[in-house]
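Read through the structures below before going on.
Across the two complexes that follow, chain A remains constant while its partner is chain B and subsequently chain C.
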Partner chain A sequence: MFVGTVVYALINSVILLLMAIGFNLTFGISGVSNFAYGAFYILSAFVTWMLMNWIGVPYFLSAVLSIIFTAFIGAVMYRFILIRVRGQVLSEVIATFGIGLIILEFFRYLGFVGIEYSLPVFIDHSFVIAGTYVDMQRILIVVFCIVLILLLWLFIHHTSIGLAFRGIAQDERTALTFGIDSDWIAMLSVSMGAALAAIAATVVVPLGTISVGEGYDVLINALAVCIIGGLGSTGGVIVASLVVGFAQRFTDTYIGPHWTMIVSLVAILLVLIVKPSGLYGKQKELEERI
Partner chain B sequence: MLEVQNLLVFFENALALNDFSMTVKKGEIVGVIGSNSAGKTTLMNTLSGLIIDMAIKERRKGGERITVYGRILYQGKEITTTRPTDRVKRGIALARERHPVFPESSVMENLKIAGYLRTRAEIKEVSEYAFKVFPALMPLKSRKAGFLSGGEQQMLSIGMSLMVKPKLLLLDEPLLGLSPMMQKTLISAICNLQRESRITVLITEQFARPVLPIIDRGYVIENGMLTLSGTGQELMDNPEIKAAYFGV
Partner chain C sequence: MSGTPLLQVVELSKSFGGVQAVNRVSFDLHKGELLGIIGPNGSGKTTTVNLITGFVKATSGKVFYQGRDITSWSPHKIVRLGISRTFQMVKPFYQLPAFKNVIIPLYSPRVKGLVGGKYGDRSAVALDLLEEVGFERDAQVAYKVASVLPQGYLKRLELAKAIALQPDLIILDELFSGLSLAEVASIVPIIEKLLLEGKTIIMIEHRLKEVFRIAHRVIVLNYGRLIADGPAEEVMENEEVKKAYLGSED
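The block that comes next holds the complex of A and B.
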C-alpha cells in the first residue's frame, strides 16, 4: 500500500504542477493573478467535448482548437477588462474571479452536469509499476508534463518573446526602453497562462468527468501550489506541487479521502504563518498580493 | 536631429518642465546640467516617450493626470505623442537613471533582452561591440546583473542601450553614485563610443565637473526651466556655474 501511495502521490504532484504552471507563469510575468484560471480549465474541456460530440471534430484536433480558443479568450479578457485594472491587485482578483464565476455558472445554468460530459483517454492501457496498477493516461501525463516544462524553459530563455517575458517580469519600465511593448507582452502572458490551463485540462480531464465544481478545485490547488512555492518562482512551484501532492495522497490513504482538499488549505495557512513569501518566493509583498 | 520646442509637462498641477526648448545636432554630445528635482529625468522620460506610457497607464486607472504640451521633432518628424516602442524603433535609446538592469538575469541575458527588436546575428554582433567598449564586463558575462557593482551595472545599462542600435542615445545621470575613478572610466568610454560609432549623445548630470569638458554644448536646467545654455567651454567659464556646481 505504501509503494502504491508513493506512485500515485508522484502522479498527483505532476497533475498539480500542470494545473499550477499557467497561473504561475501569468503571475510571474505580468503580476496578474488570474482567478478565472479554473474556469478556463473547465471551459476548454467543455469546448473540446462540444467540438467532438456536436460537430464531430476528431479528438486531437478539437483539443488543439480548444486550447487555441481558450488562449484567445484569455487575450480578450486582458485586452478589454484587465488592462483597465492592471496593477490594482484587488480589482484584478475581483474582475478575474467574476469572469470565472460567469463562465462556470453559465455552464451549470445550461445544464452541463452529469457523467456523460467526459473526454476519452488517449490510449486505453495499463501497467503494473511496483505492484500497483497505473493506467496509460497517468503515465502520459507525467511524460507530457516533463516535456512541457522543458519546452517552456527553452521558450523563456531562448526566444525573443520569452526573454521579453523575463524583462517585463523584472522591470517593466526599463523593458519599455528597449522597445518591448508591456501591454502586448502582458496580454501574451495571460493568454499563455490560459492556454496552459487548457493544456492541463486536455491531459488531466480524461481521468474523470468534466464538472463545474472541478473549476473551483483547480483554482484552489493552483493557488495552494503557487503560494507555497512562492508566487512567480518556477522552481518553488515544482517543489510545492511535490509537497502538496504527497500530502494530499497520504492523507487520502491513511486518514480519509474527505480530508484531502483541506490539506491544501492548511498548507497555505501554514506557509503564510511561517514564511509568507513562500518556500522560494521573491515576492515580499505577498501578504498584500493574496 | 532633435528639436524640443516649448515643452511643458504637468503632473496633475505640478509643473515639472516649464517652457523648455533645446536642440541636439547630429553627432554632438549635449549635456543637460541641473540639481536634484530640476526636471532632468522628466525631460528624458518625455524625450524617450516613457511619459506617454505613464500617462496612458495612469489615465486607465484614474490616477495622476500627466499632460505634455509643446513639440518634439526628431529627424524632422513630430514624435511628441508617439509611444516609447515607436521611438525605440526610430533609434532613440534611453539608459534610465540609477543604472536599471534586470537583476535576476545574467549580463549576457540582459543584453539579449535589450536586443528584443534585433535578430540573433545582430545581438551577437552588437554585444561583442559592447564588450569591446566596456572590457570590464567581458569576464562577468554569466554573472547575475544584480550582483554587479554600481559602475558595472551602469556599463551594462549603456551596453544594453547600444543593443537598440541607437542614433540618439539618452543617458540619464550615468555618473550617479559612482566613485570619481569610475566616473572617469565611464566618461572616457562614452567619448570613445561617440567618436567610433557616430552616435548622438544627450546626457543629463548633476555632476558638472566631469561632464562639461566632453560636451559640445550644454543646457542648465533649474526648477524645470532653462536658465543657461552655451558650449561646454562657455559654461565652464561662467561664474554662476562655477559658484553653483564647482563650488569655486
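The block that comes next holds the complex of A and C.
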C-alpha cells in the first residue's frame, strides 16, 4: 500500500503542478492574482464538452478550440476590467473572484450538474508500476507536464516575448524605459495563465467529471501550492506541489479523503506563520518590513 | 539656435492634489544641445522629466517631439520615438549580470526598428557599450550581477542602458548624485562624447559646477515655475535664481 501511495502521490503532485503553473505565471509576471483561475479551468472543460457533444467537433480539436477560447476570455478580462484596477491587490482579487463566481454559478444555474458531464481519456489502457495499477491518462499527465514545463522554460528564456516577460517581472518601470508595453505584456500573462488552466483541465478532467465545485477546489489547490512555494517562484511551485501532493495522498490513504483539502489549507496557514513569503518567495519577510 | 526644435515644452503643468508640482513650464530644445535643468529640492525637475517621458500624465500643456504632439503618450511609445532616460534612483534588473542588463534594450522595439532586428553578437555590443561608460573589461565587472555592483557602476550601467537604445534625446536624471568627484570627472567626458556624436541631452543636476561646465543652456525651476533660461553664467546672475538657491533676506 505504501509504494502505491507514493506512486499516486507523485502523480497527484504533477496534477497540482499543472493546476498551479498558470496562476503562478500570471502572478510572477504581472503581479495579478487571478482568482477566476479555477473558473477558467471549468469553463474550458465545459466548452470542450459542448463542442464535442452539441456540435460534434472531434475531441482534440474541441480541446484546442477551448484552450484558445479560454485564453481569449482571460485577455478580455484583463483588457476591460483588470487594466483599471491593476496594482490594487484587493480590487484585483475581488474583481477576478467575482468573475469566477459568475462563470461557475452560471453553469450551475444552467443545470450543468451530473456525471454525464465528463471528458473521455486519451488512451484507455493501464500499466503496473511497482506493483500498482496506473492508468494511461495519469502517465500521460506526467509526460505532458514535463513537456509543458520544458516548453514554457524555452519560451521564457529564448523568445523576445519571454524576455519582455522577465523584464516586467523584475522591474516594470525599467522595462517601460526599454519600450516594453507593460499593459500588453500583463494582458498576455493573464491570457497565458488562463490558457494553462485550460490545458490542465484538458488533461486532468478525464480522470473524473466536470463539476462546478471542482472550480473552487482548483483555485484553492493553486493558491496552496503557490503560497507555500512562494508566489511567482517556479522552483518553489515545483517543490510545493510535491509537498502538498504527498501530504494530500497520504492523508487520503491513512486518515480519510475528506481531510485532504483541509491539509492544503493547514499547510498554507503553517507556511504563512513560519515563512510568510513562502518556501522560495522573494517578498520581504515580516521582520524585514518592520 | 534656429530651426524647428527637437523638443518643445509648452505651458506644461502638473498638480498632485493641491500641490502644483509643475506650473506652466515652457522651453525649447534643439538638436545637439545640452540643457541643464537645475533648481532646489522639490522644484519640479523630475516631475517635468516624468511628464516629458510619459511616466506622469500632464494636467495641462503640451509636449512636442520632432513636431509631433506626444503629450500623455505611454512611456513605451515615447522610448520608441528616440527619447531614453535614466532614473535618479537606479533600478537595474538586479538578478541579471550587468552586460545582460544592456542586452535587453538591444532587443527593444526601438533598436529593432533601427537595425532591422539584425544586430549580430549582442553580447559583444553590450560589453563594448559598458567599456565605453567605464566598465573595465579586464576586471570582469560587466559579468557580475547588478545587485553586487557599487553605486558608481550602477550609475554607469544606467547610462549604458540609455545609450543602448540609440536615442536622439537622452535625459539624465541626477546621474552624478551619490558619486565621488573622481567618478563624476570620469563620466563628464562620456557625456561630451555623446554630444560630439550628435546626441541631444537634458541633465537634471544638483552638481552645478559640472553642469555649468558642459551645458549649452540652463533652465532653473523653483516651486514648479521656470524662473530662468539661458547660458549658465547669465542664469546664475539672475536675482530670482540667487534667491531660490540662497534664500531671501526678507
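Here is the rule we use: the second predicted complex is superposed on the first by the 284 of 290 C-alpha atoms of A that agree within 3 Å, B and C clash if a C-alpha of one lies under 4 Å from a C-alpha of the other, contacts with A are read in each partner's own complex, and residues count from 1 in each chain.
The definition used in the following text is that a residue touches a chain if its C-beta (ideal position, glycine included) is under 8 Å from a C-beta of that chain, and two chains touch if they have at least 3 such contacts.
Predicted, not measured: the structure shown is a model, and the values here were computed from it.
*Asks:* Sharing chain A, do chain B and chain C clash or fit in the superposition?
*Replies:* Clash - chain B and chain C, as placed by superposing on chain A, overlap.
*Asks:* Quick one: is A:73 in contact with chain B, with chain C, with both, or with neither? Answer first, second, both or neither.
*Replies:* In the superposed model, A:73 contacts neither chain B nor chain C.
*Asks:* Could you look at A:180 and tell me whether it touches chain B, chain C, both or neither (first, second, both, neither)?
*Replies:* both
*Asks:* Look at A:84 in the shared chain and tell me whether it touches chain B only, chain C only, both, or neither; answer first, second, both or neither.
*Replies:* first
*Asks:* What's your read, chain B or chain C touching more residues of chain A?
*Replies:* B
*Asks:* For A:192 in the superposed arrangement: first (chain B), second (chain C), both or neither?
*Replies:* A:192: touches no partner chain.
*Asks:* Starting from the residues of chain A touching chain B, keep only those that also touch chain C in the other complex, and list them.
*Replies:* Residues 160, 163, 166-167, 170-171, 173-174, 176-182, which sit in both footprints.
*Asks:* Hey, which residues of chain C end up touching chain A in the complex?
*Replies:* 53, 55, 74-77, 79-80, 84-85, 87, 91-96, 104-105, 107-110, 161-162, 165
*Asks:* Which chain A residues qualify as touching chain B in the complex?
*Replies:* 83-88, 157, 160, 163-164, 166-167, 170-171, 173-182
*Asks:* Touching chain C in the complex: which residues of chain A?
*Replies:* The touching residues are 160, 163, 166-167, 170-171, 173-174, 176-183.
*Asks:* State the interface residues of chain B toward chain A in the complex, per the touch definition above.
*Replies:* Contact set of chain B toward chain A: 48, 50, 53, 57, 60-61, 83-85, 88-89, 93-96, 100-105, 109, 112-117, 160-161, 163-164.
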